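In the two assemblies presented below, subunit A is common to both, partnered first by subunit B and then by subunit C.
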Partner chain A sequence: MDKAPEGALSSLKTGFSNRLPTLGILLLCLLLSVPVLTILASVTNSSDGVWQHLYDTVLGDYVTHSLTLLVGVGLMVLVLGIGPAWLVTMTRFPGSRILEWALVLPLAMPAYIIAYTYTGMLDVGGPLQLWIRETFELRFGEYWFPQIRSLNGAVVMLSLVLYPYVYLLSRMAFIEQSVCVLEVSRTLGATPFQAFTRVAIPLARPAIIAGLSLVLMETLADYGTVQYFGISAFTTGIFRTWFGLGSITAAAQLAAVLMIFILFLILAEHWSRQKARYHHTSNKYTRLPQIELTGWKRAGAMTYCILPVLLGFVIPFVQLSMWAVDTWHLIDKESFLTLFFNSLELASITAVIALLLGLFITYSKRLRPTLATRGMVRILGLGYAIPGTVIAVGVLIPFAWFDNTVDAWMREHFDIATGLLLSGTLVAVVFAYLVRFLPVSLNTLDAGLGKIKPTMDDVGRSMGLKPLQILRRVHVPIMRGSLLTASLLVFVDVLKELPATLILRPFNFNTLAIRTYELANQERLAEASSTALMIVLAGIIPVIILSQTISRSRPGHDART
Partner chain B sequence: MVRKLSLVLLAACSMPALADVNIYSARQENLIKPILDTFTERTGVKVNLVTGAADELIQRLTLEGANSPADLLIAEDVGRLYRAKQAGVLQAVKSSTINDIIPAQYRDSEGFWFGLSLRSRVIIYDKARVNPADLSTYADLADPKWDNKICVRSSSNIYNQSLVASMVSRNGVAATEAWVTGLVANFARNPQGGDREQISAVAAGQCELAISNTYYYGGMLNSTNAAERTAAQAVAVFFPDQNGNGAHMNVSGAAVTRAARNVDEAVQLLEFLAGEEAQAWYAEVNNEFPVRSDVAASEVLQSWGTFKADNIALEQLGIHNAEAVRLMDRAGWQ
Partner chain C sequence: MTHVLELKDVSVALEGTVIVRDINLQLPQGMIGCLLGPSGCGKTTLLRAIAGFEKALHGEIKIAGHTVSNQQMCLPVEKRHVGMVFQDYALFPHLTVSENIAFGLGTMSRADKHKRVQELAGMLKIGELLNAYPHRLSGGQQQRVAVARAMAPKPRILLLDEPFASLDVELREEIAREIRLVLKHDGITAILVSHNQYEAFAMADEIGVMRAGQLLQWSTPFELYHQPACAYVADFVGEGVFLQGKVLDSARVETALGVLGGDELHGFAEGSSVSVLIRPDDVIHDDASPTTARVIDKAFRGAGYLYTLALGDGSQVQSLVPSHHRHAQGEMIGIRIEMDHLVAFAA
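And then the complex of A and B:
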């Protein structure tokens, strides 16, 4: 299957890889894949006719609705992500410098929060429709208004906050592309648009696919939005089967089907890419020649790039702020800082661990792309597509088993009760985050590492460096942008995470996301807005750093032509 | 190093001291913490709290097994309390103090769980377009005269499941399924949102009737949001089945866990929550009815007048939950 990077790298593989703590990493990977494997293993269990019931009644809905979501969100994020990434990278128009980073802002907005916010504004009882009815003296049904709580509504909500993944990764790819290939394409008679569609996009394909697969997995794992909109999709179905029908087996099997589907998608993409490899196309970097847009092109580009930011960030942000001002006097301010720091703490710890783990795992895979390492990366990569609650239970099972076994053993031999050592601690919480978000780190780093030509390794090797030294002194400096991207994406994801935190956290420990959820769940949206706003604000800073790093990530960005 | 850091962190915040009461609560922090603080003030017993969704908390209790640190489980629906009992994570409590206070239909017959506040699932109607004289029973909601006029949330919602389960208990699966099929045919829109949104939709004119828990309506009447208050004032409450079984009731309640190590303190807290002071607060904070008749309901609730409450033993709602979910699937209630 994998025949491409041959030559000197292979000698590196055999000669030095044993110096990497491969075994340790493999064990760690195995540990992290326990939740995923637990769920996959459920396929073999019997579910006592629950599947027959599902098949007869709701399964068709689950499948069609989830597929519609996938296709809809997939297409929309490509449109919202790639075009603006190309425009702000290759052209100049008023505001393009600001939009460069502003386009990432919706990433700080959790999907369930944007859904709550737009519903509050656009629902039948919301201010906008109320205004229409009062102003034009109409009754409901006498005017047309899009229904926000619908499958289409969910597609829009999810796309608006998820497109930044595609934007970020494709922009990074465009920035790193050498101008030479683009110039060559132009000398061969291609128009700028053709250079974009026939050269730049194909070259950026691994990055775009990486972003898109994050989006699709997040879409499949989303519970908050579809549940709130009353859509019967796979995730809502898992919960209903689990609790309503009381069958944890059938629920786990539904989750397993979801994972197998994702695995299939990923493999299909790899198969279609076949042996093509995408490395840096040239080492010659000059400053990107940004074309100054004029006339209708300028207006078009501006609208195209402003719209996603406006809808995905500015409007919901303003609405949340207005609610927050209205309800500020009702808010328990004392606990506010604690919530804030708890959220930050969890997010930073997880981001650092996910970065280190991700780096070692992807580098081991580069050194020894054996079936074992590649399979492991695939399995670990699935965590992102599983709803947080399912992962949490996948973590609870082995942790509780471990704790109870240790406790029983200690009681028997030393008459000491150890109780629960790991369950109900932050270790369990962070572990669940890693299962869920390590794929983000892996995807980003794998794409970053993949772009570095194998000859770079050979050069390092020829200079007498050991694999870890090559990693530290060659790869890490080159892929600084990817490293930062990986850790910041995880950071922001953890800030927004809700279900796993909710189930696994210790006593008397809350985060911003939990407080927001509790109030929103009591249908007190306005009161939930202060903490929701804090999540967004806490996410903005890393998001801006992210954009800045990527702008500066172009090798030789200081070069003068 | 980071791992070590997190290990230190866990040591700092995971192990509650022994004589505390440790609670897994599906009742959310702002609706329970203040009264727990009062309990600590009065008794000196510290309370540690994890909030979350009931089903997940029960799952956590089940997996943690005999070593679970939780002493008390608080749930917001009888269906969940019953599931917890079935999962084997609760223990029976014999407290004559509590049994004297809480009417028998609002607690488990074997003492595994106790209802602490009441809510009714009622019909909310548009005052401008519906004549309350046309309203009568839950069964009547399946009548074609309500075609395209009813709003109700998803059947994934436990309150809907409990309502249907009570009918299964009384009328059997076939009759109930026929009723649900008729009800679904009368939906004005696909089920979506929570109970408050159903009420807003009635006020906005999308439907004429909504099915809602009483406290959501109470919450809207007292809302800080002017639009919600306006919407609530455009509608009114109707208690169904007043000439029959009475309006459907549900409880939020609590139970001592099987793994509890601080049973005495947990029972002490249960008794406190059933006490007059706690009942007045506990019910009022969320516009619920107190579970004991000698404590007055809040002014808003009293303004709706007295009504006949269904006296079915609530454990029946738990027993018939799974049948209810399946028949709602078959009848196409999303």
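And then the complex of A and C:
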């Protein structure tokens, strides 16, 4: 008994069986690429004129609306993200320590939920307009009020919850910059503001672009917000083409066009991450000299940093809580529990599978870091960029084909109708989740494993420990944090996911996200608050993890935070 | 003579702790000064206060005759016209070498900028590197670029923070001498911070030894070595040991090595106890000498051996002896004292 596992583990390192892990990764890679390959292959299929119809009518709208969203959100997240990142890193003012992590909080708020909440507050029937009408004795139409359910509204909603990506990455870049580089620019005659614009920003540019690419990927992937605001963008178009026009081929072709946009963003992100390595300025980390702000500068900095948190998290969170308290008695507790457990079930299953696959992949890569394995791991890592809608369509087509083929074959040979084996089951849902969220688990585990230097294994071996003992006494304790983080991140991502679940879920199978979506679309915004609040609360977990990782990232910096 | 840098009673505190207190010093035009001391003595803090990165608690700092800091005001860094070279060079990674050098040239015309960059590149021998990015340069090259960048706007004074600490030991003194020549050629006044006395000797005209936030002595390297102002400076600069002695009269002291001194008054009262500084080069190996000492330890120094010798009363001195004189441990050898100045402190 004792011998077997040791032999199994070390045979991974030597002997012919070392091809097994590589083979395993290859298989996974192929399997998880099926949705994207399906989408890409769909380009050659005929959609019986539906595509031509789309091209003649709505495709132009999809492109312009999606581009407008990209430009608008892109600009707004830069303003909301970079300034506060610089201020909390380089200056001190009342509350700056709290804002350091509070600025990440809007990340806990899915875009569709903030959209529902603000609509409830600001729409014609909402409390604000009601108050205006009563106070000034006006009727609707007699006063100007911004239309929240519009393209501009969507830009604002998405920006408010997505800016933390830019904030986080630019803050990391600012923290890593050598203070000397900034100081040297001062001795060369630059004012603090010029040091920011001429040195800090150019140095952080790769990080900012990486953050921006993530934001834009999420913007393109968003379904909930644009659907609710009635904007014809790519994601809504894919839904409409399929459910409205009944053409899954045309829907897949739309998804393929969307993938071209995504590809550009992936390249931009990849390029900027490469570039960022050269922009490392120093290994010498001195104390960050934080300037104490006074007077109007202090007031300005506080306002600038508080506004994003207030608008992106605090106000919608408070509103949701108030609604939840008001409507709690209306909610059918039993069905609420079912929703809760459905979500819990999906999220846990996915988190565990993603964790196991992630461990298998990262360990295989560590044992045999060949060009092939590393390449495949990189391909697996691209899943996060693909919108849930696209994945869902890409899952639906091959699974239906599989079911039909099996069914036909069984009928022919055994006269048994197998019906739908995979389509419309949880297998399809979890599979889609894995395509999108396995990278989250992979990245976390890879970083954790990176902390275990190969020499640590050697030290263990030299002290007479067997491989399994090394695993237990060295790897597991060091990896524990990463394991937990990886599962939590995937768990929460699954809880928030909307479009893929919507398309692939089994008939009558509801989750917290789905129920929120349904209630909101029935204009029962207040009732949607309980489920929405659950999702937001879960979303706070990764925010806490993220802020902890960052404060640990700079030696000497965390000591004071 | 005009002083480019003048400090009057300057104290600096970091987060409430006084790091540097009551520093007075003056540096004339074209001279290179050095703040020398162990880590934590406050030398870098003082340099940063001169640059303007730290605020002086009190005292006055004048650069080229202009007050840049006193009780009432503290000019921001960018208005002080100082050049600074950092320990890690801090080159801008997003700019080429020539863009780095031109960074501080501000409103100058393109042609003038080009001319100044070429001029500096010539002086610092980095002409071929002008289009490269910093991450491709070696440590020594990065340092030259950092110096060129700091010199480009013709600062009133150049500040160098441990400029050679990141270089290989073999390169340090060589580059220090080279940079000294460049600074001298351009007539630049500079002040550097170092914990390495050999760097300081290679580079500076005047050296200030600092300890626990205080400036103990500010003088030429020669004076520092031969006429240290206090026991700490004597110990920190160069090698040597202290020998206990008794004052015979106003000029002479009796020690285990015999009677020392003779020409100058030492100022101690007759009969009082003193410590006398004995440098290894004061102790000459001489087989004919009646004074002998036992070899306790020896360290090979290439051109010579550094012997540790025990005298009759058990006290020890060091002697630098040409390496062709070889003696085993335990052997008795003849020694004689040859010193220009008697350096003694109250025991």
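Everything that follows uses one rule, which is that the second predicted complex is superposed on the first by the 340 of 561 C-alpha atoms of A that agree within 3 Å, B and C clash if a C-alpha of one lies under 4 Å from a C-alpha of the other, contacts with A are read in each partner's own complex, and residues count from 1 in each chain.
To be clear about the criterion, a contact is a pair of C-beta atoms (placed from the backbone, for glycine too) under 8 Å apart; a residue touches a chain by one contact, two chains touch by 3 or more.
Note that the structure is a prediction, hence the values are computed from the model and not measured.
Student: Determine, under the contact definition given at the top, whether A:I397 touches first (subunit B), second (subunit C), both, or neither.
Tutor: The first partner, subunit B, only.
Student: Once the structures are superposed on A, label A:L203 by its partner contacts, choosing first (subunit B), second (subunit C), both or neither.
Tutor: Second partner only, subunit C.
Student: Quick check on the superposed pair: does A:R505 touch subunit B, subunit C, both, or neither? Answer first, second, both or neither.
Tutor: Once the two structures are laid over each other on A, A:R505 reaches subunit B alone.
Student: By residue count, is subunit A touched more by subunit B or by subunit C?
Tutor: The partner that reaches more residues of subunit A in the superposed model: B.
Student: According to the stated criteria, A:A526 is in contact with first (subunit B), second (subunit C), both, or neither; which is it?
Tutor: In the superposition, A:A526 contacts subunit B only.
Student: Based on the superposed arrangement, let me know which partner A:Q129 touches: subunit B (first), subunit C (second), both, or neither?
Tutor: first
Student: State whether A:T187 touches subunit B only (first), subunit C only (second), both chains, or neither.
Tutor: Second partner only.
Student: What residues on subunit C touch subunit A, complex-wise?
Tutor: Contacts found on subunit C: 51-53, 76-78, 80-84, 86-94, 103-104, 106, 133, 135, 149-150, 152-153, 155, 159.
Student: Going by the contact rule set out above, which residues of subunit A touch subunit B in the complex?
Tutor: Going by the criterion above, the answer is residues 53, 56-58, 61, 119, 123-127, 129-130, 133, 139-141, 147, 149-150, 227-230, 232, 236, 239-240, 242-246, 248, 326-327, 330, 332, 345, 349, 352-353, 389, 392-393, 396-397, 400, 403-404, 407, 419-420, 422-427, 430, 499, 502-510, 514-515, 518-519, 521-524, 526-527.
Student: Report the residues of subunit A in contact with subunit C in the complex, numbered from low to high.
Tutor: 178, 180-181, 183-191, 198-199, 202-203, 205, 278-284, 289
Student: Would you pull the subunit B residues touching subunit A in the complex into a rising list?
Tutor: Subunit B residues touching subunit A: 2-3, 5-7, 9-10, 13-14, 16, 22, 28-31, 48-53, 55-57, 59-60, 63-69, 83, 153-154, 156, 161, 189-197, 200-201, 203-206, 216, 219, 224-225, 227, 231, 321-322, 325-326, 329-330, 334.
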